[in-house]
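Look for chain A in each of the two complexes below; its partner is chain B in the first and chain C in the second.
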Partner chain A sequence: MAKHFQKRGKRILGLDKQSWIKGFFVGNAGISIVVLFLICFFLMLEALRFFPSHHESLKVYRQSGQEYVGHLINQAEGYQEFVSFTNQAYFAEYDALFSKERGIKDSWGALLGEIEDEGEDLAEALEDARDEEDEAAIAKAEADYSAFLLELTSEVDRASIDSFGRLAKHDDAWESLLEAARTYDPVEEDTPEFVAQAIKAQKEGMSDFTKAKNEIASAGTTLKDLRSKLVGITAKIAEDAEADKSAVARKEAILEGADQLEGEARAAALEEAEKIVIRDEFPYGERVKPLEEAKQAHKDAVVKMSAGLVAGIENIPAQLSSEKAVELVAKIKKGEERFLENVDRSLEQATEWKYDEELGFWNSVAKFFFGRDWITNSSWTDVYGLLPLLQGSVMISCIALFFAVPLSIGAAIYVNRLATLKEQNLIKPSIEMIQAIPSIVLGFFGIMVLGQQLQDWSQAAWVPEMFRIQDRLNAFNAGLLLALMAVPTIFTLCEDALNNVPRAYTEASLALGASKLQTVTRVIVPTAISGILAAVLLGLGRVIGETMVVLLVAGNRISMPDWGQGLGIMMQPTHTMTGIIAQEMPEVGEGTLHYRALFLVGLVLFTISLAINISAQKIIKRLGNA
Partner chain B sequence: MPESKTVSKNPFRASSRKQKVKDGLGVGVFAIFTYIIMACAVVIIGKITLDGLPVILKSEAPFINTEFFTKKTMTLNQFDTAEGEMVRMDNDDFYAFREKNPDAVINNHKTFSYAGGGIIGPIVGTFMLVIVCMIVSLFVGISAAIYLNEYARKGKTLNAIRLSIMNLAGVPSIVYGLFGAAFFVHSPFFPVFTNTPDWEKALFAMPLWPTDGYLSFQGWGESLLAGGLTLAVMALPVIIAACEESLKAVPKGFREASLALGATKWQCIRTAVLPYAAPGILTASVLGITRVAGETAPIMFTAAVAGKDKLPWEDAQGTGLYWISDMMTQSVQALPYHIYVVTGKLPDDPALKNMQYGSVFVFLLLVISIAMVSVFLRARFRKKLKW
Partner chain C sequence: MNDSSVTLDSADAPVVAANEPIISIDDLSFSYDLGKTNTLRNISLDIPAGKVTAFIGPSGCGKSTLLRCLNRMNDLVDTAKVTTGKINILGQDINAPDVEAIELRKHIGMVFQKYNPFPKSIYENVAYGLRVQGINNKSVLDQAVEESLQKSALWSEVKDRLNTSALGLSGGQQQRLCIARTIAVKPQIVLMDEPCSALDPIATARIEELIAELQQDFTIVIVTHNMQQATRVSDRTAFFYLGELIEYDETTNIFGNPKIKQTEDYVSGRFG
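Now for the complex of A and B:
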């Protein structure tokens, strides 16, 4: 034993064994500092390089005229929405008013098609016979043909002819169609009287709406043509500008290759190298001239479009009988004013566009932090805007905390102060068990079970219209699951806080005659409030950084919420900061702009979680000491 | 001054009826909240068990669907036979079937990637990741906890370490994933033993005489090591906290007695502290690691792949050190990622249901049973070790 505790004086590098051992432990403890530093460093390394490349790409976007054409595309696409809405309204109205007539018209066409397909030979025979004016042959051909018609009409498949079932309730019309088909003459190709009438009736009945529809549709065509023309031009400019950047390298490569060639091949290579023009600066000014010239045409097209839209909408009949059409037209009228304003503003911005206007560096920062779109893998241009993702994360966290905070604080109070020992021994491990449920399992449950269940429940009669769930996967679903994830965190920390309340407080309160509940609500909770607040904050941190549940369950639709729906936005699919990283990261190449954008989102997330953590610690310190 | 008419009430009077009802209601509300939480957990675990149990059980002996645990993940084939009966077959069975009956009628043939076979690949991958994570995080975590609890004096170093541990605990798992991708996967600071260095990526490669291989600093790529270390970094704060708690539970008297007998600091820790803290350290750490191992986000970009038809050691090339190095730099399947692939990435179809519920159930069973055992053991140790 004595040998065990003998001191040994052996020193290595001036330090004895004990110092070395201590140093080893210090080093390991220091790893946490190193790791935190490395996380900061590597996140920033990628994330901060986003801004210069983003600035560069925005610059090209402006110089190549894509910025200008972007405005034009937005206008054209916004208009396209009106065209499609009017079309939908038109056909809804059409169906409501002239379902039978349309059925007659379409079915007649389909029947004729069938007759002509199947009876082509017989019809030709009949025509030949008539040409030759051979009575007997004519009689035979006619008999054959009507036999064929009789057979065809008797076994024709009603569902395939009247494919939309428009005549399902009009057996008489169907019968008269068959009747007319039986006496159809393939040479004369005459249309039966009632079919012609039906066609005429619907034409007249819909004439106003048809006119309005066509007016709206045709007003947008000029802009549409202009758009496809300019898109081609700017895409070419951007491509050439990109090629220009690598011109020097390409030329060198070809020249190097030419050195190893002989004779004609060498000459050809040299000639090719000669063709590569090396410029100091890409002549954007010259190239974007067609765009400058198109400005007037663009203005005219927009004016024409706006006028056409206003006139067209005015011409839509005021009295509509289809509910869906009424709804759509109301939507069109509601959107009209906003659209016209937007178009005017965007036209103004477009005309102000100059290819050589200076683009401040802060633009690339602002475009990221205040951008309202996140569009990647698009055919036009990628946009990285944080706002829709941030609001998705915040919204889901709010829903989660709304449920988790009362539940877990209530449970903590109950377990800590009110429950029997037996209950405590049941509940505490159970909540620890909830913490052990992996997030992917909760996400799985959300997709497979909860989504459908919530949607079914939300269709109940007492649920207000705006809370009816359209999409199975939405923010609310994700929020509920995240609430369950946050419960163990908040519960445990809350319980700790309640445990820290000195026993004397409870005893004093009870001695004064307060009931158990009064003691809890008026003495213990106010004393522990700083700990409870910190617990809620840390719960928020846990929820906002959670990935798998939101990736699976939140619906992954990137859009700014439509606040017009009030709280109904909770029922919409949304996307989050964590979700976007998990979804897009595996698909992007290392070092691309997109890759860096995702790291920047990660850095924002990291900063938020640090801020939450630090403020939780501050709260504990400040309020705890008071 | 007129005498006050309000007589102060007797503080020891029995509570009024109203107050009693109020109390009962308040307590009831808190109790309901508590049991709502428990009910949610029961519903989730119950539903998954009900639908998952049939997948891993069989009606005949040995009553367990061993194929589900021993086969590799493969494509599932679904088709209608001539009689119009719908049949589902794993890829290998399907090819055997086609070979046997070349004339068999196969209508409506559909295939579903990753939905057939078993889950040996994901299970093995998860275990290997957890082992790497455990070795690293236990080593560093326990040492750090020993420093914090035994050596550290109040001061700037201690504050800085505590602050960073606390902040690390709050970092979102996906951020750990990004960090792992940038540091362990892409950065070239990490060496591999290989015969064919990737010269473009490598910082430098050291020839290892007399073999014709290199120690190449080219980064680990998406691999077991990268994933395991990312998980380890993430588990670190949890483990440090757990270990510290166990070390704190060892009474001060033990240390004082040991030091008084002339033991050095290290001898004191080794003989008087660690043996008594060890059971607590182990159970709490296992609990922490289980929680971390259930995470999907950190391994998404660092280790996991959707499908792989060979286990890591079957795929590894070379011998000795090269073999180990190659095995550890393989990407692997992992259970949580596998669940994500079959539920989140593939279009939903009834044919996937078996694989979905089966793997979720197995995963949940693993995680919950480990957690339960360690919670139980911890409770026992606490009772047993009373001083």
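Now for the complex of A and C:
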């Protein structure tokens, strides 16, 4: 039989050409799937290992007594705020009441300094002459000195002497100062009467406030001292406990090294290895005894501090003339009650601390997901809390969408339904061109141009106080730039969604006497709404994963926002999940807790993006079925 | 509108007595490419009020284009242009600069070839035309919806599911809904662009019955491919060929006794 239908062509490794071609394409698709799988796998592997390590480190935190001291630190730091507010209020009041007197006092001091510096030799000559009681020499020295004073006072730079300009409005006081300087006697060194009066007046005028201020400041010192003592003790315990964990490994390593050595060096190495104690369990109980003993002192210190705060605040003069001081004192009084409650609660928690209390595993999870601090490379203890980063990412994304969504939907509606062909051909490529701007360039623009510009604009009189920008780099600035990045994505997808609305709907609507605008708002947008929603979601996905711009522009301050500012929190610097990874990943040691924490942040980010993308796809699919 | 004359709602609108021309087209030429080639050439015809007028002719003869000129739907095409002539509707030149297409379309409804209800509820579809005119009073809308659905013979079928999606109706029902939607705004004239071409014979029959009933209230202009349909529903028929009006007469004359050879060839099925 003739073999007409047999396969032709060479076979390679038993496969013909068609199979090879097919294999090539299957391979391409397969590689991407495998890569995706590997990425997920390693991300999960590193990220999930965070929790056991974190648990371990939290356990050390508790057992070494750092947990206890942590409460103490919080109490002391909370108190420090009151001390600093009181100081600020004090100086504000001081300035308001005795600006002139302070100006006289400080300027006199500065003038004297100048005189003593410049006229040192002349003053010595005068003193010598007086010692020798040589009339002629005295007269000459005195004449020289007053000539020097005359010259100095005529040349003196007022701005550098009265450096805060407190005497700017008091020319008479300035003249009296110069007058007094001209007759100054370097040997007698007496203070002019009106300067002494000024000093006395301010001292007396501020005496009540001074007393209150000192009362508040001194009440906290006992706790402060206790704090530095206990911090030292617990840090040492934690360090030793860490060292203990690696004792076996270290000993083995030294012994192994000793095998290579000879003679004395070998003996020394063996001796060193001998010193390393290997224990089954680190004797936390014994080591934290000083803490247990300090509990009473701690309690006493807190009681003293609270009492001192209450008394001190009561002693602050009721009548203040400086607006700023009034504001600060109001803030102090407002915070007082809450602080006292917090301190009591914190003290209670601290007293309840037991080094050997069981620490549940969920603690390690909860502390990460609900932790309000992210502190790394600290001298005390590192804290990994997701919330400040998550809120930063969410806030910036919200700002970005707030601006990008109306802009891009509006543009899409215009281009798709209202624009002429010419306008379409101009607008569409222009918007799509935005996508071509590298994010680093946008970030650069945000730092150099937009940040400064926004800050200047925000100082305008009509801008509410809370929206005045203090820091050039902040969430709002980053949000605006991200909005720009999201516009092309949302615009393009929106336009597609609008395009999918059958032309027949438009015709029907117009034929019923609707205007173009009515047609858009009542028929086209409602019909395309799921597509538009999907576009917005994909825009959100784009924004939340963006790194470069936020790293450059968001200001990178890791803190929970001050909700007292209301919407003003948008104007504060913040940090993001993407930003923290980019910033810290290059510097962490592999396998450390910090390293795993960053991976976990990455996993959270991945999960969020995935959820957004899946929902967008679901929506689009539903649209396709409808 | 139950008397046999029709009028615009506005105060200065003229009254057109039955059988008097409500639409008069005078020497109309129309182009889709800014006048380079004319799709319609020198068409003149008067359409009487209160009658059904059918436009027939082979594909591409311009009958749909002429229909879309009547409510200025061709405005949607950027390059469309009336090159010569005038269309007077209710005594007014509809292409005059001071005429607003939106206002015009409130008086001239249109039913399309492919039924196209909005993806909204049945109720909202019918109420749409009123809503865009700013009428949101529930009782007014309820009444208009019921009345329109009854006139379009759909009420009994949908009254229990007014709030379900219009897209759940059958094709014929959807087309009747489109008719209800059109007559809800009480136009004087209803344009129908091959309203039955996407429907099966039974649905078609129902629409034709409906047209006969609507004739009492509206002036109807219908474009159709189906010559039997033209004979069944229309009073007068215009035959178009290659953008020109060949013959325009009583329907019985066009089909029974055409004066022009081309018409006779077409209606007897020799070409088309």
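Note that the second predicted complex is superposed on the first by the 492 of 626 C-alpha atoms of A that agree within 3 Å, B and C clash if a C-alpha of one lies under 4 Å from a C-alpha of the other, contacts with A are read in each partner's own complex, and residues count from 1 in each chain.
Everything below uses one rule, namely that a contact is a pair of C-beta atoms (placed from the backbone, for glycine too) under 8 Å apart; a residue touches a chain by one contact, two chains touch by 3 or more.
Note that this is a predicted model, so its numbers are computed, not measured.
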First, second, both or neither for A:Ala110, with chain B first and chain C second: neither
Touched partner set for A:Leu538, first chain B, second chain C, both or neither: first
Contacts of A:Gly513 with chain B and chain C, given as first, second, both or neither: both
Contacts of A:Ile73 with chain B and chain C, given as first, second, both or neither: neither
First (chain B), second (chain C), both or neither touched by A:Leu421: second
Between chain B and chain C, more extensive residue contact with chain A: B
Which superposed partner A:Val449 touches (first chain B, second chain C, both, neither): first
Which of chain B and chain C A:Ile313 touches, first, second, both or neither: neither
First, second, both or neither for A:Ile440, with chain B first and chain C second: first
Which superposed partner A:Ala504 touches (first chain B, second chain C, both, neither): second
Common ground on chain A, meaning residues reached by chain C in one complex and by chain B in the other: 512-513, 515, 518
Touch list for chain B against partner chain A, complex: 11-13, 15, 19-20, 22-23, 26-27, 29-31, 33-34, 36-38, 40-41, 44-45, 47-48, 139-140, 143-144, 146-148, 150-152, 157, 160-161, 164-179, 181-183, 186-187, 233, 236-237, 240, 261-267, 287, 290-291, 294-297, 300-301, 336, 339-340, 343-344, 348, 356, 360, 363-364, 367-368, 371-372, 375
Residue ranges of chain A in contact with chain B within the complex: 4-5, 7, 17-18, 21-22, 24-33, 35-36, 38-39, 42-43, 45-46, 406-408, 410-411, 413-415, 418-419, 427, 429-445, 447-449, 484, 487, 491, 512-513, 515-518, 521, 538, 541, 544-548, 551-552, 578, 581-582, 585-586, 590, 598-599, 602, 605-606, 609-610, 612-614, 617
Of all residues in chain C, those that touch chain A in their complex: 71, 73, 76, 78, 102-103, 105-106, 109-110, 112, 114, 116-120, 128-129, 131-133, 178, 181-182, 185
Residues on chain A engaged by chain C in the complex (per definition of touch): 420-421, 502, 504-515, 518, 522-523, 526-527, 626
